[in-house]
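What follows is chain A paired twice: with chain B in the first complex and chain C in the second.
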Partner chain A sequence: MLKLDRRSFLATTAGLSFLSVLPRVAFANGHADTLRVAISGETGDLDLLQNVSTLSSYSAVFDALIHYGPGGTLEPGLATAWTVAEDGLSISFDLREGVSFSDGTPFDATAAEWNLKRWMGVADFSWIGIADAYESIVIDAPNKITLKLKRPVPAALLELTIVRPVRFLSPSAAAGQPIGTGPWIVESYSSTETVLVRNDAYWGEKPTFARLELKVVPDELARANALRAGELDVIGGDWVAALSPRRAQALASEGMTIVAEPGTATTILGFSPNSPMMQDKAVRDAIFLGIDRTAVATVLFEGFADPTVDIFPATVPTAGSRTPVPARDIAAAQAALTAGGWAGDASGWTKDGATLEIAFLVSEESFPGSRRIAEMIQGMLMEVGVKTNIETVDNATMHDRRPKFDYDLTFFGTYGAPYDPHGSLGASFVTASDTGPDGKIYVHPDLDVLVATALETGGDAREGAMQAVYDWLRDNTAACPLVVTQRLWAVHPRVAGFTLPATDYDLPFKGITLG
Partner chain B sequence: MKNWPWAILAPAFIFVLIGIFSPWLMTHDPAAQDYAALLEGPGWAHWLGTDYLGRDMFSRIIGGARTSLVAMVFVLVAALAIGVVIGSFAGYVGGKTELVLISVIDIALALPSLVIALALMGVFSGANFDWMSDYWKMIVALTMAWWANYARMSRAVVVAELQQPYIEAARVMGASHIWIFTRHILPHVLGLVVVYASADAGALVLAIATLSFLGLGVAPPTPEWGQMLVDGMSYIEENAALVIIPGLALTAVVVSFNLLGEAFALQKVPRAVRGRLLSRKKAARAAEEVARKVVEA
Partner chain C sequence: MQRMFMRRVGLALLLMLAATALTFWLVTAAPGNVAALIAERAAGAGADGEMIAKIADDLGLNDPLPLRYARWLGDALTGDFGISLRTGKPMAEEFGERIPMTLALLTGGGVLALVLSLAMGIAGAASNGGGIDRVLHGMALVGASTPNFFVAAMLVIVFSVWLGWVPTFGVSGLTSWLLPWITIALFPASVLARVVRVNLQDTMSRPFATTGFAKGLTRGAVLLREALPNIAIPYMTTFGAQFTLMIIGAIVVERVFGLNGVGAFFIEAIRFRDFIGMQATLTLFVVFFVSINLIVDLLAMLADPRLRRPRKA
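== the complex of A and B ==
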């Protein structure tokens, strides 16, 4: 029979306690040089010509000629210098010398030409202005190329900062092999994680840690719990693994570091230009004035959003002059309706026998959290006397109805950096643009002319041409901007020096050290 | 009925009473938003606290009971009516008509009701159905998903009753089809189907909540338990009551209705029917005895 005295018992307990700690120590040591970042979907093989993963995963591996810096400044990437011809019909690039892809293939003019020709002049990528205007590429020297265009594209340099399909793949890479010149090299990928190792030959600022693990965690609560448990180091980023403001508050109170920076995309309430009710400017004005944007930012975004009435935030280049956000004014909203020929009060409005009742199309799948914002706006408009019927639909229905303007009100978002302002303006405010299931925020023949002029105008006149578009949108109450959501990340205490890259399409690593 | 589990059945009756009298029971407008009172705990001002828009939880629970009750009654009545008419017609007419109708019923029964309702809600979300509110779309979808059970049951009762001698006697006496159906067959059909429907009420309340949970049911700002549940999920870490309160209400009502149906099934076979059945059985046995004696003689 086993005998257990007090001394043996204490010794055994101490021994077991020590053993129980070992796995944790081993686990921590095993990840000492690894940054574990949550992603909401698997990366796949990072095919640059296909939409297989979030853009941020691509940017870890593939480089661009030009990088998007803070506030839209252009920074040298694989091109160290560039010159745009006075007529705007050609752009010359000095390519960075001594750079190789991670498989050893040198990056030179031939490799650049091979990459650019994969998407320039290809119909699938005509949504990129520079691809649509492409004429030819001339190799001037082993490290110098000139891109010739059929017409000037003022946003050409900004377009060269985007991720897919613009970034550079090794011409020697076999199909399905993601080989770039970026700071990271793909070691392995599966449906649950992608493992990257540091590219020690990277030409730029190298990561201070050796490995980057992108862990696939689709559920936001699971991501937060994994961060708490120390199984993840970083979560967040709208296009990486979104973190809700409320969850961020909870994590902040538990000792996690919350990094919030002004966003680059605006959440906009769109008025259908086909809806008879919304064609009435008085109704649009009443809605514009009847919404308390500050309350939306405070109540639903916990302060991690900035109220706005401008289409683009100041973080986007040529975003136009700033308009002060007006306080909610129910009396002014009702006065606008009265001036527009509507009769009524807070209990309801009528005009020519028609009751003021609007359909608010909402899809949680398309825009998570939108139903709560819609409910709040519904309550605000109810006090004005505008009856709002929220129609909650699935993604497919939203994608079917939005392009047809089959709604009165619905939510839109601008694309954000580095796509704006040219991206959203050219797609969401032009009658002839093909935005597929995304639909358009507002279209009008007068607006088409203004946008076309703005997008074709370069140099010093560009800002004025852009401002003319913004002025027209504001004067006609063509859209109802609500808030600019902040870029929100939560970081484990073992991560120091976490700073956000210029866009959420890039993965953060610069300046990070691991404890 | 004295042996019935009244304590467990109480939530079902309370649910019905609250549903009927909810306008007088609500302490606040369930849609009224108060940004100065967000996510408050229970207190004198708000007995069950407030939600993320400062809306009174007690009033929303009460309002949600009415939403579910009204929808449930509409669906049950409509599904019963459709099911009984189609099932009885199939059973009474027989032949190829019965074959076609029973095939339709079998197809409808082959898929879970909720799956059918979800598919129909998908169809109804198209622009052609804009004239219907989300609430009515849900009622129509659930009705179309629920009728087949009652049709199948009704047909079985009709076929069984048609074998009875008294139906033949009625025919011989020149009774019309409508008279035979309404006076002799329909009471039997309803006696069984209504009992079954009482057990189905809980499942329906759950289906209504499920559709709302998936964002396909009742439109805001109308309070509904399933929608309250899904809305509360985002705040489960900070204020679990937003999920627990509607969850408990839903659980209590569903369990209670299920037990009610079970109690009906076990004990509430109408006495008159039972008596007639017994006398018929006795008469049949007596006839068999007479026949046996005649054969022996």
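== the complex of A and C ==
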């Protein structure tokens, strides 16, 4: 029998008390001038032409001609002004004067031309409208260029705000050297961290702190613990180091600042256009009406999501008019099935001898948290009488089956700013587009025509053409938008002035001061 | 002895060959298309069917599986494991960066498991049914039944978040290794402690131990001088098996503690369908597994003459 006498007890207690008051190892100290941001994967060498490096790190080092502002406003970047010709076949840019790359190479029309020619007119980048329509570049003056196009590209200016390949690299940079004109210079990068130092010659507003360390922490719990311990200052961002709503709630209760802002990407339930069951509009209507989006947003996203029935949120440009989110209506869902020739009730439905039973393809790897959402939807639809069978698969299987429309129901997401609405519309709603493993949300010959018209229409008519697409999608219940997840970050108390950048593809550092 | 040694080495090489063939087949049988991934990496959304078909043709992905395996094996034997689809770097370079991290984790964890298991096992045997023995028995059971991701989370909460003694992730000096080493060592230490305890108990009932007591030796002296050397073979073989299994623990531990080792790379390779990275890493695991077992076998043969005798029908 283990004996613990009074002396041993007192000695143990005294020992533990002594240990607990030992000074905390000051991991958070000595970094007064350094912002430490978690990233879930290594940044890589930030090659602008390769699809390898982490998207979110480019904006710290490289500038674009035009920067994406809040709500899709266009802000001057390396171009101070631009003019689109009336026929849409040329765009002139006034380049910012007195700007140099961090290696001292001047940024001028020659450097701009060198950069643009690396991807414009190149087959690998034909997915970018402006690259596909490229005809030539004319240097009008040392700080003025004109881009000539074979056909108008209404989204051209928005396309110039994306992450890669549109940003500007020093023409003198050796291979693998990420040298831009941005606010930060890469000091070193490895598989564990990327260290950036302030570019004191930056043309814009300079950061208030000297170093930015991007720490690779792949595990979400480890990131949260590091924030709690003061080893990280900022975690979050879907494309940086995602923070789950549940974890955010926990961190909020522990004194961390949670920053949540309306998102730019919509989570959508996609109906397979090849599935006989899903080709029946009555079934699509029943699913659309049978889901309680508010419950999904409140329960599964802990309130960090906004219910929606629109394809794009209002945070992206030309997102169309807003449709009120209908309350869940089981009776209306059942009435839709009855009107569509189905017979049955909450216990099940049949039509022409077929039972209403739906295959719901889910991959936690592709879309973290989707299993829980699917289970909630399964329960809601069961009350309507629609039986759903959740099939959980790995990422590879999802990527294999989604392009083949080998499912009845599955989850999709729109790309978000700065790629939308033209990006998602041109890829996920067009029969002829090649989206590789991502698949498509819905395709139909009538929709092809509408989307093509919308993407080719510029000027004042563009909004109406876009609205026609949204109206068609809504009238045909072609997709089932669920929620717009909020942009979620957690910030250590020593960080002040935290402001979210315009897109999830940018790192937050502007306006931040460190305590 | 030499013939037996050569035979063991030959068997180990055959085993490696069979294991790499099996993993090659499994990886190629997994859903997904390597050519599509390479095209996607090179051209993003611009990857089309023609480009994918050309890449598949260039890489010989349409060739019969045995031919592809033979080609892969030939390259692998020269140290060319291909280029990671995720990072774009040659796998040899990835391994060069990551193997030292994993080795440091496994070595530290192995040493800790060795020390802890011997200390716990001997202390338990010395107590022989007393309070310490029962407490250590309970600790070993808990240690062997607790998943390492849970152990890691608890250790981080207590020692990093609450007490702030060690960092939560990354490598920044010796202290940053403490929690990863404890996490990865806990399971093998618990299993090995029971091996030591049970074998010591068995050995202590043998006639030579009784003789030791009859000579007037203390229980501790009999344990350390007479019984302990006699459990070397079962301990060594179990330790070898547990040490190789630590590579599986490394997959979780490296991710949780943000260590850029081979285990963390493997997880990311699976997530990103980096087939080339997966195959190369699995091959490394196979080589590690078979080599450690071979070394343990050879050491056991050196230590115990009975194992060197040729088997008779």
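Structural remarks
One rule holds in what follows: the second predicted complex is superposed on the first by the 486 of 515 C-alpha atoms of A that agree within 3 Å, B and C clash if a C-alpha of one lies under 4 Å from a C-alpha of the other, contacts with A are read in each partner's own complex, and residues count from 1 in each chain.
One rule holds for everything that comes next: a residue touches a chain if its C-beta (ideal position, glycine included) is under 8 Å from a C-beta of that chain, and two chains touch if they have at least 3 such contacts.
Because the structure is a prediction, the values reported are computed rather than measured.
When the shared chain is aligned, no partner comes close enough to touch A:332: not chain B, not chain C. With both structures placed on the common chain, the touch criterion links A:229 to chain C but leaves chain B unconnected. Contact with chain B, but none with chain C, is seen for A:378 once the two complexes are overlaid on the shared chain.
Of the two partner chains placed around the shared chain by superposition, chain C is the only one that A:216 touches, whereas chain B remains out of contact.
In the superposition on chain A, A:397 makes contact with both chain B and chain C. Once the two structures are overlaid, the count of chain A residues touched is higher for C than for its counterpart among chain B and chain C.
In the superposed model, A:430 makes contact with neither chain B nor chain C. In the overlay built on the shared chain, the residue A:125 is in contact with chain C alone; chain B does not reach it. Of the two partner chains, neither chain B nor chain C is touched by A:197.
Annotation: chain A residues 221, 394, 396-397, 400 touch chain B in one complex and chain C in the other.
Against chain A, the residues of chain C that register as touching in their complex are 30-33, 36, 39-49, 86-88, 97-98, 130-132, 134-135, 153, 156-157, 160-161, 163-172, 175, 255-258, 260, 264, 267-268, 271, 273. Remark: chain B residues 31-33, 35, 38, 52-53, 122, 125-127, 130, 133-134, 215-216, 219-221, 231, 234-238 touch chain A in the complex. Against chain B, in their complex, chain A makes its touches with residues 221, 244, 246-247, 250, 295, 298-300, 359, 364, 369, 371-372, 374-376, 378-379, 382, 389-394, 396-397, 400-401, 404, 406. Considering their complex, residues 1-3, 19-20, 22, 24-25, 27, 41-42, 44, 50-52, 123-127, 190-193, 215-219, 221-222, 225-226, 228-231, 365, 394-397, 399-400, 427, 434-437 of chain A touch chain C.
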